[in-house]
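Think of it as A, B, C, D, E and F in the order they're written, each chain with its own count starting at 1.
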Amino acid sequence: MATVLNPTYRTRLGYQAALLGGMCYLMSMLLIGGNTATHELIDEHVLNDKLALLAQVMPASMYDNDPIADSQLITDSEHFKAPIEVLPARMGNEFAGVALNITVQGWGGPLNFIMAMDAGGEILGVRVITHKETPGLADKIELDKDDWITSFDGKSLANTSHIQWAVKKDNGEFDQFTGATITPRAVVSGVYRGLQFYQQWHQQQSTAQSTAVAKAEESGS
Amino acid sequence: MSEASTPKPPSYSTIFRDGLWDNNVAMGQMLGLCPLLAVTTSATNGLGMGIATLAVLLLTNTLVSIIRGIVTPQVRIPVFIVLIASVVTLVDMAINAWMHELYKVLGLFIALIVTNCAIFGRVEAFASKQPILPAMADAFAMGIGFTWVLVAIGAMREILGSGTLFAHASLLLGESFTWLEMTVIPDFSGILLSILPPGAFMALGFLIAIKRLIDRWAKARQERAAMAGLVTE
Amino acid sequence: MNAHNEVAHRAAPYAHDRSSVNRIMLQVCLALTPATLYGFYLFGIPALLTFLSICLAAIATEALCLWLQGQSITRVQDASALLTGWLLAMSMPPWSPWWLCLGAGFFAIAIGKHIYGGIGQNVFNPAMLARVALLISFPVHMTTWVHIHPLGSESAPGLFQSLGIFLQLQPIPDGYTGATLLGAAKAAANGGGSIAELVATDYSLAQAFVGQTMGSLGETSELLVLAGGLWLLKNRVISWHIPVAMLVSTLLLAGLFYMVSHEQYLSPWYHLTSGGVMLGAFFIATDYVTSPSSATGKLIFGAGCGAVMYVIRAWGGFPEAVGFAVLFMNALTPLIDRILKPRAYGRDHRGNPIKNVSARKVS
Amino acid sequence: MFSLPIRGSRGGVHPETKKDLTAERSILTQLPLPKKIYLPLSQHAGVESRPQVQVGDKVLKGQLVARSGGSLSANLHAPTSGTVVAIEPIVAPHPSGLPAVAIVIESDGEDQWMELPTLDDPLALSPDELADRVEEAGIVGMGGAIFPAAVKLRQGRRFEIKTLIINGSECEPYLTCDDRLMQERAEAIIDGTRMIRHIIEAYEVIIAIEDNKPDATAALRKAAAGHGMIEVRNVPTQYPMGSAKQLIQAVTGKEVPAGARSNDIGVLVHNVGTVFAIHQALRFGRPLISRIVTVSGGCVKSPHNVEALIGTPVREIIQACGGLNNTPARLLMGGPMMGQIIPSIDSPVIKGTTGVLALTKQEVNEHVPSPCIRCSRCVDACPMGLVPLEMAKHSKVDDFDNAQEYGLRDCILCGSCAYVCPSHIPLVQFFEYAKGEMKERRNSESKSEYTKRLTEQRNERVEREKAAKLAAKKAKKKKTSRKAESEESAES
Amino acid sequence: MDYLLLFISTVLVNNIVLVKFLGLCPLMGVSNNLSAAFGMGLATTFVLTLSALASWIIEHLLLVPLNIEFLRILSFILIIAAVVQFTEAVVRKTSPLLHKNLGVFLPLITTNCAVLGVALLNVREEYSLVQSLVFGMGSALGFSIVMVIFAGLRERIALANVPETFAGTPVSLITAGLLSLVFMGFSGMI
Amino acid sequence: MFVATLVLTALGLLLGWLLGLAAKVFAVEENPIVNEVEALLPGSQCGQCGFPGCSAAAEAMVEGTAAVNCCPPGGRALTETLAELLNVDLNSLGDAPVPQLATIDDTLCTGCTKCYKACPTDAIVGATRQIHAVISKACTGCSKCKDVCPEDCISLNPEPVTLNNWHWTKPEAA
């Protein structure tokens, strides 16, 4: 159809329409081909990225469920402006811990990190996923650049007091980076609020669970 | 783009000279600036982007040259754009699937190769008027020309900004690129400016200034040589 | 003796007042001298070293650039490079290391000025450009402020220690550095602390005005800077429009928000007495080259400087915003100049002839 | 938003007046007669006048030697008696150094007046008649504009003139010719003023004098005492107060609209020198053959005002002032602000010559220009509210449209901007250049239009001829074609 | 308030040209004269707003429901290109004056990364329809402001005696860099 | 999946049709700018530009093969108008040829009227066998008269500088 070479045909509307339509047709076929060839790989990559990240903060040996599948978005305006993603880990049916995907405000924009806690509320690890802080200055929050981020390991609400949850400049426990205090401050306070959130959430969960269990027992009995 | 109106394909040496130096996409035509400046925080990124652009250029120039006979002016732009967009989507998919790390760094800018003015510029100015082989050669020359500028700017900014060159090349491009990685200035905390947006503009500005100096020097030399020729005769 | 050899055939006027570029620049330098000397007294020998190295770097770069462009090197005599270096030094941390100083002087003159063709051609204020570029490039060094250590006092570093600090052979001793008022306020605001509390405990307005505070040479004694500025005004080196507009707009904006919240916002008087506002208003925003030429344009320019400065101070990421504000308004200057031309004699503001033709024709 | 009220006066500069060199010395009137007198045919705004004498003719003092060459031109009279020895190009008293045709009269030493008419009281004559006599006397504006006075008066009659301003401000440094004239001949000036008022029927008359000339003010006040309606008023000393536009603003508070003339707002301005010349012409029938010239400057041994015959070589009036004590850095005709360098010391004094200045290097204070530092002093100094720095920058790259945008059109070339420029940029020269180029362009545009029209006309004609030829051929009349052609050429 | 914040952030803080590096070719190409820059700014505002709207509709009414997101780039750019070309044809015919001032820039805009970039960013940031529009207009305004400021600067630089090596493009680029440096003053403001 | 093809193809067809339609409905006649340029040119068809006449020159200028300053009779004024119209950078052009004026040497002129007939602007006056003269106001310097003059008495020179057209030159520095 698109091979008519007679110039008079070319000025006809049908020709224009057919040309662009045909082009679209061909190209969409091509893309469908491309998509079929790659989409599985891509999906896998995306999943792997997430798992890899999770693995950094929570050893895979800790759980046997699929935290990503079990994840839920929770809005907790008391602690965080943006909704946070909660990825619960279970071993068998036992609650083993949780990973939180949290976004706070950094110096240069949103700062997105993931933190994981064991069932006892002790931090297993924290990793920054994406941020817009100044490279070379505040990017020491990345593990690649500095191991500052590991200073949270093992901390909990129990072993570190409210006052200690701050950068040294503010009389707290954690180092700041010279010349860029705002970023560490944001991370420290984010992690702290994450712990608080966890505490609340965990309590709700267990009360919900216990009431559910109680209910189940009730109905069972 | 004066060659746009010449019906006869220029010689291959002209094509390459133009692409690599004289009429370089980035330095002569001032096109494709967005990716050029956005992703060149390191030489590695520049190389990745350059290769992606080269691939797209090659494919689109070829395809457009093939279909140039049947396109009419009324729908020319949309048709070319559809073609370019498809090719870019394919490349995007491919990089995402097979060079995922690089994809994460280049991000949005792969999709934006569609509107990279350089691609459309070449298609319009060259491929839509020339047979396949010169079109391919042109794409190749322009692509390589674009890539080297990307790498050069990336290198300038990376060295000044962090003292390294081709850092993370193995991570982004594959293990076989490990040999590229090097530290140029050890223990250098870097001039932040150069990897921030202002540094990008200024790096390109200085690169073009350097190109000018070289051109001028070459011309002076040529003239001197010509003069010398006169003297002996 | 025939002047025709020097200045060729030339149209009228054949008379000229005594002004010259060199004279103007030196007048500005003179106006800066008291504040500078006071700064040396407060910050001691390292400050002197910083100052000298920046000025020398600026002058040397100027000479180099002139030579590269094939212009007469004697042009450095116009003292504009000295002034640029001087103002730059006034705005840098007083104990800057040598490489920072040399880099600053070089950047200001080479990139800020000579890329555009030298004196009078640049579009941005060279000194502020260099300061901001360095702030972005080396935020740590550019925000290292030392407490005052007046010459002769015990804590003042001796010659060798000063050289050591300047050449970065030894670090600045612990406890010598701290945050400026604006820096602390910014930190307080970002950390959710109370500004009112901070101000009440740590900072005194009178001290800031007289100069007993930390900061750059040019932001310590607002009083001496103000005196120098007024002297320039009196000598008609600068006009009142920019300084007044800038100070008034800062005062108004800061006052407005201070009324909204004492907790969150700093009092306008602190805004006026810290962070080199006086230096900015009288010496930096008034740079001829980069500010508008009409009176109305100058008013808008000054007000804009004040407003942008306040916005960045109050909500932006940088505590010391004079440089950014001035540069931002520099960028707008060509537009201001184009739009706000003075009203020409016999024309209205749009450039059309006025219509006051009243004489009716007799017959 | 910032619409400021129209201010009394704006801009302007205060150059050192240097008037003390000559202000206290009375006018030298009895200069030795020059041997030769050179009368360029173009001493006024407008077209050249046409010679009425031939080489070899004998002329008497005051005799008409060249007649006005059109509606905008002026008559020229012999300043002394003698013989016309040449009508030839001489080096014009003009910075270009180009030649200009002049009538050269060799003085016979007698200085013999022609017979002057006896006149009735001019105030009893009709204004039109008086205007005719002013024209006859060859009077042009003596304040520098050299605009034919009669034309101005006649134009003024077509408007309702509320205010006649006599311009005695003399704002140019060095010059004191008006000052001395006002001091020494106040009566005559008042008399002339009354005549002008009579001609244009003005409601009020204001003699405006800068407040640095108290003696002149006093003299005129005294002379004007008997005549109501003539007010002698001081205006602030500020250059260019003498410019008509600025003076009108200072005196009446009104601005002359751009592109309009002072007549349009009911004002007429005349210089005191012009007034004196009009007095001479109407009272005594004397044409304009001499004028007061300030001879001053650091290189002049004994600076004085002199009453010089028009056409006297500059060399001779300098000699009358003791000669030079140094080679001048600049030799000027007019004041230092708006005057012009003259190519030769032998150039003649013309009707518009207010002064002859021989300035030292220190006085001129010229420097090699450096780039503009945008200090905007020129903007502040400009009495017209223009933006000289931008005008110059755009003129420099020949972007005249933008130069116009910033005010080139309205520039009066007063030089205030260049006077204050710390970078010593020859701003006025940029404007002179730009104005000249624009004029050239306008000319070439109109020439282009003109030739286009000519071409079209010719083409039409050729067509017509062709058609005619064809018709003629058809009619088989052989001779006609030639005839038609010669007719055509005769027509054109 | 959130919309306001988003707007300010897009205009000043994350300026599309100076920080996000989109639309640089027109910035360099069409800024040597103020009126052209102004026209380009207006035309871009029009197209950007339109494309933000169109792309949101396509994404949410076509691509997502049909699960064919991989056609995103293709369909976005197709629609943008067609709309732009159509507009241009209409403007050229109906208002030659408008065409002279705006229309000539329209074809240029199709290949301006900012347009597709904004559309894609809208999707990536998961903006709502209103947010998309705010973002689109904010970006456009940011683009126009920079365009006009830059044109003003370039007009002045054109009159300066820039050394030969830097005259023209290099000094323009460096100025753009310095302008971007100045805009960094707004960072941290969000 | 193939719904994708369908959607896109439909979209393509629709848009293609729309654009084709737009091109037709909103068609504008070709290049009015050549006419505009031609209207600006002096129209004396003198050929000094190297083209066989003004319309050819106009076409070449619009195409970009002729410099906008190639027409000497038009002078700077025309050059600038054209440069603005065609968006050409004036600085990139070399020096324009200077407009010339013809002068007839009256000691040699025999009054043959050949020049009179050749002049496209009727700039030459004089009847048969009388000395001819050039009205400089009307002469475009096309040299046609010079070419036909059998006595070789016509010369072309740039317009002389006089007191009337002299003006200050552009200052050197700053």
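Keep in mind that, in the parts below, a contact is a pair of C-beta atoms (placed from the backbone, for glycine too) under 8 Å apart; a residue touches a chain by one contact, two chains touch by 3 or more.
As the structure is a computational prediction, the values presented were derived from the model and not from experiment.
Enquirer: Both subunit A and subunit D are touched by which chains?
Expert: For subunit A paired with subunit D, the chains in contact with each are C, E, F, in label order.
Enquirer: If each step moves to a chain the current one touches, what is the fewest number of steps from subunit A to subunit F?
Expert: 1
Enquirer: Farthest from subunit E by Cα centre, which chain is it? Let me know.
Expert: D
Enquirer: Using each chain's Cα centroid, which is most distant from the centroid of subunit A?
Expert: D
Enquirer: Give, as an integer number of Å, the spacing between the C-alpha centres of subunit D and subunit B.
Expert: Centre separation, subunit B to subunit D: 66 Å.
Enquirer: Using mean CA coordinates as chain centres, what's the gap between subunit B and subunit C in Å?
Expert: 41
Enquirer: Taking each chain's centre as its mean C-alpha position, how far apart are subunit A and subunit C in Å?
Expert: So the centre of subunit A lies 45 Å away from the centre of subunit C.
Enquirer: Go ahead and note the Å separation of the Cα centroids belonging to subunit C and subunit F.
Expert: Measuring from centre to centre gives 53 Å for this pair.
Enquirer: Which subunit C residues sit where two or more other chains touch them?
Expert: 10-11, 111, 117-118, 121, 133, 136, 139, 317
Enquirer: At which residue positions does subunit A touch at least two other chains?
Expert: 11, 15-16, 19-20, 23-24, 27-28, 31, 34-35, 39, 107-108, 134, 137, 182
Enquirer: Residues of subunit E that contact two or more other chains, please.
Expert: Within subunit E, residues 70-71, 74, 78, 82, 85, 161, 166, 171, 174, 178, 181, 184, 187-188 contact more than one other chain.
Enquirer: So in the complex, which bits of subunit B are touching subunit E?
Expert: Checking each residue of subunit B against subunit E gives 30-38, 77-78, 81-82, 85-86, 88-89, 92-93, 108, 111-112, 114-117, 120-121, 193, 196-202, 204-206, 208-209, 212-213, 216.
Enquirer: Tell me, which parts of subunit D touch subunit F in their complex?
Expert: Interface residues on subunit D, with respect to subunit F: 42, 92, 94-96, 98, 100, 368-372, 395-398, 423, 425-426, 429-430, 432-433, 435-437, 439-445, 447-448, 450-452, 454-458, 486, 489-490, 492.
Enquirer: Looking at the complex, which residues from subunit E come into contact with subunit B?
Expert: Counting only subunit E, the residues touching subunit B are 18-25, 27-29, 70-71, 73-74, 77-78, 81-82, 85, 107, 110-113, 115-117, 120-121, 124, 164-166, 169-174, 176-178, 180-181, 184.
Enquirer: List the residues on subunit E that touch subunit D in their complex, please.
Expert: It is residues 158-159, 161 of subunit E that touch subunit D.
Enquirer: Quick check on the complex: what are the subunit B residues that touch subunit C?
Expert: 191-194, 196, 198, 202
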